[in-house]
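Below is one structure, written out as C-alpha cells, with a few remarks after it.
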C-alpha cells in the first residue's frame, strides 16, 4: 500500500535486472544498511552486540552458505558444522603457521580450505541424493568432529582440540571491542550477501536451481550435474568456512571442536527451513529467529511461570526451547515450506496490490 | 522556442513535419516515443524519431508516393505507424489511419473511397486481409508491413517490409539530401494533414479531411488550456483511426513535445499502464466503466476488513473528494482529515493499481459518461474531465476548466470556438477547428456546414446558467413519448450502464406510451457474481436467462427508476419492462460501431419482434439470431427470452 | 508454400534396440532425419516413442545400435554432449523448473553459451553482466516469438498447462538447437492451443531452419505438418514415409484401428 | 553386540520408511522417550501402588510405556505427517528432525533429564559358549545374549505379523504403492498410525535393552545417528538388511577400533560406520538388499 510504482518503467535490461528492481525496496534496503553501520553502534549496548548481533551476523553468513546448497541447489546437508570447523581450524593454522599472515587473509583462506574439503565431501552427491546424501554429509560431520579432536597437528598439539587466537587486526584497526567486532562482521556479511545474490540471480544460480527442480531436464539442456553440484558444495562450504573462522576468531576467541558439532549443523539447517529455502533474505530471517528465540524464552518463560506461581528452572527453559523449535520446524514445513522469507514476500506483494486482494 | 525559430530563420511551425524538426532541434534528447518491446521500454528521442520519419518518407518517395497521395495505416499503436503518418505529411501526402479490427469488406470501402495507393500495415494478419480484398481495390499498389514475422513466403510484388523501405530511404536521403527539406518547405498550413473516417453511426463512413492548421490549433488550445509541457507521458492504446487518439497521441504530442508510449500488446495494457503511469490520459467512458467494474469485482474478493475500509472511505470520498479536488473551501476539517487518511489507505493505492498515480489531467469523450462514474474518479483524486467533440471538429469543442467541473455538463466552449444552440435544440459549432470537407463528398459537407459556417453536430443540448453546455442525446435519438414527455434514451442507458452488472442497454420509447429496454449483462461481473453463489452456467446465453440474474438486473433497473423519478424532466420515462438479450451486441454484427456505440435504429429493426413483445405484454418471446464469429464463420443463437416488469415510482415534486 | 530446403541426413539411427529388464521397449529400429525437415514419430500409447526420443538425446542407453549425428558415430549419446552438439528437447510431462520464473527457465537454456566464471558472476562484473544482458535480449526475442510476453515474470508453477508447454518449447529454443525433439507437444491441449503450437512449430522450422523431430499419438495434427513420418507399434517400426504413404500403409491402418477401436 | 541394538533401531527406520516413505530421524528420540517412560514408570509405579514386586512393576511400566508410544505415534500422524503426504523425502526428513526435537523436549520435561536406571533383571554374568565346538569357546555377555534373543524374537513376531495378518498385508500393499493401496480402499492414515506404533514398540524394546545396559540418558537419542549407516548399508526398504547391516556395523566398529584405532589416536568408532556406509553408497546406492532406483522421464 505504500508502493507507488506508476512511472517506474524500465528502459534497459540492466535496469530491469537490478537486485532490487523496485526503487522503494532499493531505498529501504540502503537505508537499512546505513542504519546498521551508523545507527546501530550508537544505540546498542555491549550485551546486545555480544549476545545477539555478532552471533546473528555470523550465523546469517553460515545460513547463507547452507541456503545456497540446500535451498538453491537442493542438496541436503547435515554437515554444515563440519565445514565451519574446517574453516575455523584452517584459518587458525594459517594464522599461527605463517608469520605475518593478516587475519582477514587467513579467514578467507580458511574459507577456501573449507571449500576444497566441501568438494570432497560433495562427491557422494553425484551418486546419491536426498536421505542418502544426508547420511553422507553426516559422515563428513562426524569425521571432522573426530579429526579435530584427535589429530593433534590441526590444533597445534593442544589437548582436547581447544585453540585460541589473539585479537585480530585489519589494516591497523584492532578488532577487540564488541562494536569493532560487529562492524567487521557486518562488513563481511554485506559483501558476501551481495556476492551470493549475484551468484543466485545469474547463470550459476539458475544452474543450481535447475538441478534442484528437475535434474533430468537440467542435464538435457546442457547443465552438468557434477559441475553444478560441486560448485554449490564449494561455494556453500566457502561461506560456511568463513563463517566458522569468524565464529572462532571474532565471536569466541578460543574454541573446541564441540562449537561446530552436529547440533550446529542442525541449527543451521533449521535456520534455513524457518527462514526460507531458496531466498537470500531467508538466511537472515532464520538466523535472527534462532538467535533471538532462546534469549526471548529465557526472559519470558520465568516471567510467564511466575504469573502462575511456578518456578521455571533453566533446564525446563531449555526443554521448552526444544519443543518450540521442533514444533516450529514441523509447522513451517506444513504451512509455509518456503519459510519467513515467503511470508515476507507475500506480504510485500499484498502491499503492492493493496487494496485489492490479488 | 522562439529563439531557435528565428535563429534558423525557418517558416513558422504550422505543419506537423516542421513541428517535428523543431522538437529534434530543441529537445533532441528528450524521449519522443516509447514502446514496450522485448520486455523493456524501447525509447526513441525526438532526434531519432526525426531521422526515422525522414527515412520512411524517403523510402515512400522512392516507391513513388507523391504529394496528394493518401497513405492507409492499419494496425495497433506501433511507433512506426505513428512515424509513417508524419512521413506521409512530409511528402505532402495524407495519412488515413484505419480501424485495425475492421473486417475486410469495411476496409475495402475505405480503401476505394479514399483512393488509397499505399498502405502501411502492422503485420501478417493485416496483410492477409488486404490481399483478400486487393482485387476489389485496384488502386492499392503498395502494401508495406512493419513486422516481418511470417512474411518470408509472400511473393507478391506489391508487398515490402518497412525495414527495406527504410533502408532504401536512407540511401535515397544520402543521395539527395535536399529532397526532404524541399518537400517540407512546400507544405502549407492549409493542406490536408489527415483524413479520419467517421465511425458512421448512420450510413457509410465518410472521410473527414482536417488541415494542419486546424489540428495544430485544436491541439494548441488543449495544450494551453491544461498547461501541458514536454514532460508529459501518455499511453497510446486507443485505435489510431479515432480522432481522440489522433489528437492526444499525435497532434498534442507534436505540439507540446511530450512522450507517447505504446503498450506491448492488447493483453498487457493494464500492466503497461501501471508501469508508465501516464501524466496525461485519455479514454472513452467505456474504459473508465470497465476499470470501475474490475475494481468492484476485485474488491468483492477482498477480506471483510479491507472491504469495510474500502466502502467506508469510498463514502467519505463521495461526500467530499470531488470538492477537495476542486479546491472548494466548504469542506469541513474533519472530512479533510478523513480524506487524507483515506488517501493513504485507499485512494492512493487504488490510483496506483489503476495506473493513475501520476495523472495530472485525464479526459473522457466519445460518449456521455455517467455522472456517478465521473464522480467516482474525481473523488479518488483523479482529475478527470469531459470534453465534447466530434471527428469533424478535431475533438475539443467544449472543455471543462479546472475547478469548474460539473458532473452533468461537458464544460465551456474551448478557446476560439463558438457554440450556439439552434432553434431545434441542436448544438452548432463554428471556429478554426472545423473540418475542411468530407473527402469527395461536397453534398455531405454542405449538409453539415451551413452557409454561415456553422457545423451541425447532430447533438441535442442546452447551456445552463453558468454557461456550461449540457448534452442530452443525439438530436435524432431524442424523441417523445406518446404523452409528449421528452425521451432521451442515452441518458437512461448511461444510468443503467453505471451498474457493473450491465454492460450495454438500449431503450425504446419514441411515440410509445412507456419506456422499455434491452439489456446486455456484463459477463465478467455477472459471471463472478454467479460463481460466488455457486450458480452454474455454460455461456452468455445461459447466464443471461437465469431467473436469479434477471432478478439482479431488475433491482438495478428499479434503482434507475427511483433515480429518474427525482427529476421532473425525465420522471415520465421510467422503464416499465425490460428483457436481457440472448447475445452480446457486437460490432461484427453491425449492432455497435467500432467505437462501440449502439446503432440504435439497426438494433431496433433487427430485433423488432422483441420490441413488439415488450409492448404487447407477452411474458416470453422466442428469438433466433445469426451471429458472426471472429474467424468469419457464422452461427445461430436462439433463446426463449423472459420479459420482466419493473416497479415504477411516482413522480417526485420538487420541494418548494 | 515452403521455401526451406531439405538437406542431407543429419541424424541417422541404425538398428536401435532398448529393453528395461525383460521389457523390450525398442526392437531394431532404424530411420533417419534430414536436415531442416519435420520428422514425426507416431504410434499408439506404449509404442516406444518416448523411449526413442530418450535414446536420441542420451537419457537412455540402447543395448544395441548406432546413432550417427552429423557424421559422428555414437554407440549412445550422453545428455550433456547431445545438448552441446545442438540437440534440444521438450518433455511429455512438462519438466520445467518449478521454482523459477518463466524468464529464468528460458535463460537456463542459454547456459551452454554463457562463459563468465564464478568470480565474475559473484561480483556481477564485466563479462558476467554483459553476458547476462546479451542473453536476456536473445531470450526476449524467443518470448516475443512464442507470444508469452504477459507471463515472463510469472513463476512457471502458476501457469496453465498449455502455457507451460509453450515455456518448455521456449527453453528448448533458447539453446538455438540444430535438432529440436518434441515429446507430444500438443498432448492435453484444446483445439486453439493445438493450432497455436502447430503454428509455432512450423514457424521455428521455417524461420530458423531447425530440424524438428516430433512425437505425437494423435495422427491428425502430425500428418498436416510433418514431412515424413515413422510409425512405431509395440517397439517395432511398422511404417516410414510421407504422410500420404503412411496413411495408405495397411500395417499402420490396422495398428491404429486396432488400438483405437 | 551393540550391532544387535543397531539392528533394532534400524528396524524401526526401515518399518516406517517402507510404509510411508518417511525417513524417521526421530527414531532415536523415540528410543529415548520410550526408555525414559519405562525407567520412570518402573520407579513411580511401585511408589504409587506401594508394592515391591519388581517383575510386576516392570510389566506394568512396560504396558504403560506401550500405551504411551501408541499415543505418541497417533499424535505424530495426526499433527504432522498427514499434512505432509506426498512431500519429497528431504522435507519429510526435516519434519522428523523437528519431531525429534519435540519428543526430546517433552520427554525430558515430563520424565526429567537425569540418568535413570532400568532394571529388568537381566543377568549380567558372562557365559562361555560353544565350548564344545572349539577350545576356549567364546566369551559372551549373558545380557547381550538375551538382548539378541529378544531382538530375534521381535523380528520373528514382526515377520509373522506382516505375513499372516490382514493388517500386515495391507501394510505391505501400502509399502508397494501408496496410490494403488489407497484406491483399493486401504485407509492410509490408519496404516501409518499402526506402523508408527510398531516402530514405537521396537524403539521401546531397544530403549529397554540399551537402558538396562548403559542407563537412560539424553545421549541415548544419538544412537539413532549411529544406526543410520546400518540402514544405508542394509538398504532402506529391507528388514533383513537392517539386521545384517546392524551386525556388520557393530562388528566392524569394534574391530576397527581394535585394529585401526591405535594408529590414528582412537575414537574412530564415531565415524567408521559412516565411512563404511559412504564407501558402500558410492558403489551400490541402493544398499545391500534395497531395491534399485530407476529414474523415469
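In order of appearance the chains are A, B, C and D, and numbering begins at 1 in each one.
Following the convention adopted for this analysis, a residue touches a chain if its C-beta (ideal position, glycine included) is under 8 Å from a C-beta of that chain, and two chains touch if they have at least 3 such contacts.
Quantities reported herein were computed from a predicted structural model and do not represent experimental measurements.
Listed by label, the chains touching chain B and chain C alike are A.
For chain pairs A-B and A-C, the one joined by more C-beta pairs in contact is A-C. If you average the CA atoms of chain A and of chain B, the two centres end up 57 Å from each other. Taking each chain's centre as the average of its CA atoms, chain B and chain D sit 76 Å apart.
One simple way to say how far apart two chains are is to compare their mean CA positions; for chain A and chain C this gives 41 Å. Chain geometry summary: the mean Cα position of chain C and that of chain D are 49 Å apart.
Contact of a single residue of chain C with at least two other chains is seen at positions 59, 91, 95, 136-137, 140. Multi-chain contact residues of chain B (touching two or more other chains): 39-40. Looking at chain D, residues 297 sit in touch with two or more other chains.
Touching chain B in their complex are the following residues of chain A: 1, 3-13, 15-16, 353-358. Against chain C, in their complex, chain A makes its touches with residues 13-14, 16-17, 195-196, 198-199, 202-204, 206-207, 209-210, 212-214, 216-224, 231, 235, 278.
Against chain D, the residues of chain A that register as touching in their complex are 74, 76, 123-124, 127-128, 130-132, 134-136, 138-139, 142-143, 145-146, 149-152, 216, 262, 266, 269-270, 273, 315-316, 319-330, 333-334, 337. The residues of chain B lying in touch with chain C in their complex are 37-40, 149-150, 152-153, 264-265, 267-268, 271.
By the touch criterion stated above, chain B contacts chain A in their complex at residues 34, 36, 39-43, 233, 274-277, 295, 298-299, 301-303, 306, 309-310, 344-346, 348-353, 355-358.
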